[in-house]
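Letters A, B, C and D name the chains as they come in the text, with residue numbers starting at 1 for each one.
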Amino acid sequence: MKKGRLEAFSDGVIAIIITIMVLELRVPHGDHIRDLVPLLPVLFSYVLSFAYVGIYWNNHHHMIYAVDRINGAILWANLNFLFWLSLIPFVTSWMGENSFNRWPVILYGGVLIMAGLAYDILCTQLIKEGGRDSTLAEALGRDWKAKYSVLAYVAAIALAFVSTWISVSLYVTVAAAWFIPDRRIEKKVRGVKGSEEQ
Amino acid sequence: MKKGRLEAFSDGVIAIIITIMVLELRVPHGDHIRDLVPLLPVLFSYVLSFAYVGIYWNNHHHMIYAVDRINGAILWANLNFLFWLSLIPFVTSWMGENSFNRWPVILYGGVLIMAGLAYDILCTQLIKEGGRDSTLAEALGRDWKAKYSVLAYVAAIALAFVSTWISVSLYVTVAAAWFIPDRRIEKKVRGVKGSEEQ
Amino acid sequence: MKKGRLEAFSDGVIAIIITIMVLELRVPHGDHIRDLVPLLPVLFSYVLSFAYVGIYWNNHHHMIYAVDRINGAILWANLNFLFWLSLIPFVTSWMGENSFNRWPVILYGGVLIMAGLAYDILCTQLIKEGGRDSTLAEALGRDWKAKYSVLAYVAAIALAFVSTWISVSLYVTVAAAWFIPDRRIEKKVRGVKGSEEQ
Amino acid sequence: MKKGRLEAFSDGVIAIIITIMVLELRVPHGDHIRDLVPLLPVLFSYVLSFAYVGIYWNNHHHMIYAVDRINGAILWANLNFLFWLSLIPFVTSWMGENSFNRWPVILYGGVLIMAGLAYDILCTQLIKEGGRDSTLAEALGRDWKAKYSVLAYVAAIALAFVSTWISVSLYVTVAAAWFIPDRRIEKKVRGVKGSEEQ
């Protein structure tokens, strides 16, 4: 089965998720620059989520690129992943409109955990289809970044009972860590595809 | 006529349908976890519809993949199918916001019936273009799953006058039955395309 | 310049236009079937516009398919066409929510005229790029359907001062006339492409 | 790394941005033509932003077309560019709903500046990947249009304290200047690709 439509559908859904979040930046009634001040937490929340969804799109791009075939289980694992991503606009608004209060911050972390686990399941299904020795499995074999991220989200949820700013700092730190693109897959793929082309 | 744009347009419409449903998960005014409790039926309704739209995308993907050519009648049958799918966000919200009361549950079943019939018409047009002996016709020849689904929706509507929970259970059961990907088409296509490539 | 991205962008915009119209079908507060009755004009208005946008997508698909090259003027003519299409959700809502009163019906016709003229400009630009003798020019040379449609919209606007139901009937009639796919382009393209492949 | 998904994702996001702006054209309560009069500034604001987003899509199309490879840095520069574009619907509404008052007009210019700079960063990354001698670098080497645009936005912001109509005129002038497609890249690409094909 070709993977083109899986990519196209995922791109469509992720593009919509990343864009509809901006609809929550509601236009203020006043026309002065200070009327925008109450929107600052909403904007910050939007920036954070834009980064997270962007990171996931980027990684999804790399990961799907590394496989040649997809199957039914991969389709469902992908839909499951998209489902959890689709809840990000909701938790982003709740967190932004409540100025990063405790429960919204906790729920945000909860959705990040679920999206992270769903991404992991998708990853496992892709490796299963490609076999243990595939490029992807090798490339991801020592990937602790995803596991550390989930641990950081769990810590962020626990620490929200101390101060939500610690939690938010953790979310920002994890996002920053992911900004460094996953060069391992890129190199592996480039190496294998390069040698195949010779 | 090439089928690429039909796929791209359908993917776009289905991606938007599956994503805009989350806009109905309106952010509550309070910031406590218990403020989310009234949203639970809306969330459940969203999960159910996300599954249905995902199933339809999946099956659409398989079905279009199995044909080589499209024509004008297929384009219109596809638009008709997309029209009924596009009503799912509306009936999902109505059902969720009214906590699965009788009429919303009935209308939800009605739209599922219409989407099912529209899918069947699209299927018939694809077989007509491909000829009775085509891979698709063979693969679908004994497909009772779609017919049983429509029967289940009809039963769900009738039983909504007894208890809407029976109806909703039926919707969940049908969705669960469809989660098993349609391996018959997949195998047939793989077999035929494989032998062509030799 | 390749036409793939023009198709992809246009498909995206048209897919969003056709789908966001359903957001105007606002969920009623009550949960009885009779609470849907006030939505009937909105639904009818949605069905009509879904058909129009679907027709335009279909024709756009055929027309772009018939050309091999695009240029800057075509890109702008295409954006102009998409702009007028993008106003359809607005006029659809206004017409539906006001139960087909005079001014909304007139404005609906006005937007249809502008979309029709923009489509015509796009068509002219495509023919210019392909040359007078191209398949497209030949195929469209005797195309009176588009011209009759614009005349019908003008008549519908004038007759809205007598009865808006005449206007709406005209809109429905034109849409129905377009449902018959434009077999001329299809045949010409098939013929030319077929002979090229030999 | 192939550039197809970068194009598809960018097309998706830009298509959504350009289309959701029309959701701000809220349907008036009355049904008379004069009820549309208060919407005129909103409509004008929409037309201006539709032109800007269309121009950016057009230039993005040309620029990505001119390169053969993309890398991680390009992916992030592209996301950064899409982020600033995604704020255009917000500033468009604020400017339209406040009839082009001072602060909304200034913020609009601010977002245009940021989008312009983000586009410049993306451009630089693309040139870096392609090397100083690449077609793109040559084609863009003497491109002062982008720099003059940013200067015009800065001037528009400063002059908003005199009259916002000067600012808006500047925005319209810049948009008009960009309507002339960037023939230099087009010619260069055509030349190089043409000679490669021989």
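One rule holds in what follows: contacts are C-beta pairs under 8 Å (C-beta built on N, C-alpha and C of every residue); 3 or more make two chains touch, one makes a residue touch a chain.
Fair warning: this is a prediction, and the values are worked out from it, not measured in the lab.
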On a CA-centroid basis, which chain has its centre farthest from chain B's?
D
Type of chain C:chain D copy interface by residue overlap (half), same or different
different
Please tell me the distance, in whole Å, between the geometric centres of chain A and chain C computed from their C-alpha atoms.
37
Using mean C-alpha positions as chain centres, tell me how far chain B is from chain C in Å, no decimals.
26
At which residue positions does chain B touch at least two other chains?
8, 12, 15-16, 20, 23
Chain B-touching residues of chain A, taken from the complex the two chains share:
1-2, 5-6, 8-9, 12-13, 15-17, 20, 23-24, 71-73, 75-76, 79, 82-83, 86-87, 89-90, 93-94, 97-98, 101-104, 106-107
Contacts from chain D onto chain C in the complex sit at residues 7-8, 11-12, 14-16, 18-20, 22-23, 25, 27-28, 31-33, 35-36, 47, 50, 54, 57-58, 61, 65, 179, 181, 183, 186, 190
